[in-house]
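Labels run A, B, C and D following the written order; every chain starts at residue 1.
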Amino acid sequence: MLDKDGIAKRIAREIKDGFYVNLGIGIPTLVANYIPEGINVVLQSENGLLGMGPFPFEGEEDADLINAGKQTITTLPGSSIFDSAMSFGMIRSQKIDLTILGAMEVSENGDIANWKIPGKMVKGMGGAMDLVASAKNIIVAMQHVNKAGESKLLPTCTLPLTGVNCIKKIVTELAVLDVLPGGGFKLIERAPGVSVDYIRQATTGKLFADDDVPEMSLN
Amino acid sequence: MLDKDGIAKRIAREIKDGFYVNLGIGIPTLVANYIPEGINVVLQSENGLLGMGPFPFEGEEDADLINAGKQTITTLPGSSIFDSAMSFGMIRSQKIDLTILGAMEVSENGDIANWKIPGKMVKGMGGAMDLVASAKNIIVAMQHVNKAGESKLLPTCTLPLTGVNCIKKIVTELAVLDVLPGGGFKLIERAPGVSVDYIRQATTGKLFADDDVPEMSLN
Amino acid sequence: MINKVVSGADEAISDIENGNTLMLGGFGLCGIPENCITALVKKGVKDLTCISNNAGVDDFGIGLMLQKRQVKKMISSYVGENAEFERQLLSGELEVELIPQGTLATRCMAAGYGMPAIFTPAGVGTEVAEGKEVRNFNGKDYLMEYAFDADFAIVKAWKGDTAGNLIFRSTSRNFNPVMAMAGKITIAEVEELVEAGQLDPDHIHTPGVFVHRIFQGANYEKRIEQRTVRTKN
Amino acid sequence: MINKVVSGADEAISDIENGNTLMLGGFGLCGIPENCITALVKKGVKDLTCISNNAGVDDFGIGLMLQKRQVKKMISSYVGENAEFERQLLSGELEVELIPQGTLATRCMAAGYGMPAIFTPAGVGTEVAEGKEVRNFNGKDYLMEYAFDADFAIVKAWKGDTAGNLIFRSTSRNFNPVMAMAGKITIAEVEELVEAGQLDPDHIHTPGVFVHRIFQGANYEKRIEQRTVRTKN
């Protein structure tokens, strides 16, 4: 079973050289820490920055330079700044190769719910609806089950949707799964020490698994 | 009867302090020479410049700095440069207070034709269709009759249209005319020495003239 | 060149009336028009509809206007860093319309570019699509979203000149340029106001034609919402 | 950062094929991709559809491609500074689609911004509207115009960096930034190519994400079409 950093580490292996990537808040943010050496990646922050760098050194914070999570950050050589309309313009026109974000639920046809729980204070969708509706390649980083022990991989989402038929891949503490074009979760890799049966029990949506699902390698 | 500079001079009096103005090719370009002292005006060139200045001094031409007529020009203190999409964005959103352009024909309901003569090589509409469709205030600068002696102020245009129901005012070598909201040309001023009858004969479209139409003053 | 300079925030916002719709630039607390917000609180104008990506925090930004119950409706993509906001929302005092961030930006841009509506895939198949026209282009569904119609846009820039030209600094640019284009009246406060001619025409982000009033603001706090740092080895 | 540098114009355009649709930046002869045009003429690729505001003059710009009969169709707002163009048009060898300049720019922008169509009032009630959807918003008619779909966009910038970021100079900016956003593959030639990090992120007009290939061009002629001057007193 993976911890959050393990999930981030596994997702980092999906990033290819030359990718422009948008990382959501939470586990996706951690992915930046595990991008392999020699892989050139540019991180987009949808508030208007390409080429997001690490946090500033203490005392060097700049109130004018933040990421979409409102954290102080830095630029890198080759960074560019632009307004919000252009930022979502490049998202809609699919110039961003990969979007990684968290989710409350994913359905077996690739629907995602991650912004609203009825009865709870709703903070808003931010840029998530734009990202999931436009990205050509979306990976969800999340826990396989919620705090109540219920599967978050469902036949259909029960929560209000963020986007429909858009998620291609899910990485959880238990497994890597693809969403099949015809519907259903295809088990690609198991987390170290986790059995197919265990994953099957934690997955309410339709799960397809070969007899011999490899254990993931994180190195 | 006015010459081209006289037409330009008369039109210049329509320009108010604080106006952003787009000047078309031909007589409209001359208007810039007659903007009264103390009137602050910013000229837009739709290829991407606000604050068009005069022609450069000989030897100071810059191939990268031209107007929409492809002439070498200069900037002024406070000029700004932008791309073609923003240029027509500000035109469509009516940030330009006044557009002055030439015409082949204007109809009594404010239609304009100025881009195409069937059977002749067509060069294109350039930005004229955008300008006439969007500007809140358009003045046409043209000769009252064409080279064949035919009126250019017509009941309906005979040439392919550039825009419909958009022209508010016309200044010719003979007169200043408003296009009435309900249709028809309202004679506002006569050129020095030109009679109402003369103007009426040169106007095929419906002409409304009071008994006492003032002669224009150019000073 | 046309001079757009006004004396300060009080004059700039003097004709904002109860019930007006305002666009307010900024992302979180980054790039918000601090001086104008202070002046709006002082003026006490009420029943405002505010189009702004966020709603500030309890004691800063639009949060200050919420404290004074000046806001009738927020149109935002992400809110709730703000206890007073939550209280007013749950009590029904405050109306909130949540829309996707890209839709928010593009509806501003549409207004500035004179486009009455735009198409975006954001929100297709979700509750955001309710009551909206869905249209298919090349096999993909899009929502038709309308341009915003705001009485005033209030933005914050880094530098500006007397002709109203604006230059933004780093990610404090965010929504400011698209809102600056979109207001019927656009008010810009800047950290440094210079004479026309002092800014390179190629560096200007917002041409002065979009800006009706400009002034040099004072006492910028530029508060940081999430101070994240690393330590030197 | 991702390195977009290629060796030169020949490599940059090497996969442009007969029948492709190209966007070419520039207004008149101002800001045109001179090196790439030369390379396209040398390569001899044919049956091209060229989206460009103008068509060059007889012996410069797109005129050079017309001389070699490489262009099947021009999509422009203003043409005809060019005798060979006129001859091919009148003889039926060349197809020409004339569209309003703002529509041309905005259809590029729509492609770059992922908007399948836009609404503009330009051309309503004229032959430009024939066959197009007319839609009324707030009492005004607009045409629905589709985003362009171009295989390649070829632009000219003043400065660029190895990450593909571009800065344009003066009015040679014109259509270049909107086309740079709009190509499936975007090729940029620049007068000066610098290392990533040498350009101020706030000054960049076209972020590198839109640019796939960049190179420093050579021997820019930058011909002036209408040399207008005044004399010093």
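FYI, a residue touches a chain if its C-beta (ideal position, glycine included) is under 8 Å from a C-beta of that chain, and two chains touch if they have at least 3 such contacts.
The model shown is predicted, which means the values in this text are computed figures rather than measured ones.
**Student:** Give the chains in contact with both chain B and chain C, ordered by label.
**Tutor:** Correct list: D.
**Student:** Please tell me whether A-D or A-C has the greater number of C-beta pairs in contact.
**Tutor:** Here the pair linked by more C-beta pairs in contact is A-C.
**Student:** Whole-Å distance, chain A centre to chain B centre, using C-alpha means?
**Tutor:** 56
**Student:** Taking each chain's centre as the mean position of its Cα atoms, how many Å separate chain A from chain D?
**Tutor:** The answer is 36 Å.
**Student:** Quick check: how many Å separate the C-alpha centres of chain B and chain D?
**Tutor:** Roughly 29 Å, centre to centre.
**Student:** Pull out every residue in chain B that's touching 2 or more other chains.
**Tutor:** In chain B, the residues touching two or more other chains are 49, 75, 81-82, 85, 88-89, 91-92, 134.
**Student:** Would you mind listing the residues of chain C that make contact with two or more other chains?
**Tutor:** 106, 113-115, 120-121, 168-170, 173, 201-202
**Student:** Pairs of chains that touch, anyone?
**Tutor:** A-C, A-D, B-C, B-D, C-D
**Student:** Quick one: which bits of chain C touch chain A in the complex? Just the residue numbers, please.
**Tutor:** 27-31, 53, 76-80, 86, 89-90, 98-106, 108-109, 120-128, 158, 168-178, 205, 222-232
**Student:** Help me check something: in the complex, which residues belonging to chain D touch chain C?
**Tutor:** Residues in contact with chain C: 106, 113-121, 137-138, 140, 142, 146, 167-170, 173, 201-203.
**Student:** Which of the residues in chain D come into contact with chain A in the complex?
**Tutor:** These residues of chain D touch chain A: 1-3, 111-115, 161-163, 165, 181, 195-198, 201-202, 204, 207-210.
**Student:** Note which residues of chain A are touching chain C in the complex, please.
**Tutor:** 45-49, 54-73, 75, 81-85, 87-89, 91-92, 111, 121-130, 133-134, 160-165
**Student:** Given the complex with chain C, which residues does chain B contribute to the contact?
**Tutor:** Chain B residues touching chain C: 18, 20, 40-42, 44, 49-51, 75-82, 85-86, 88-96, 134.
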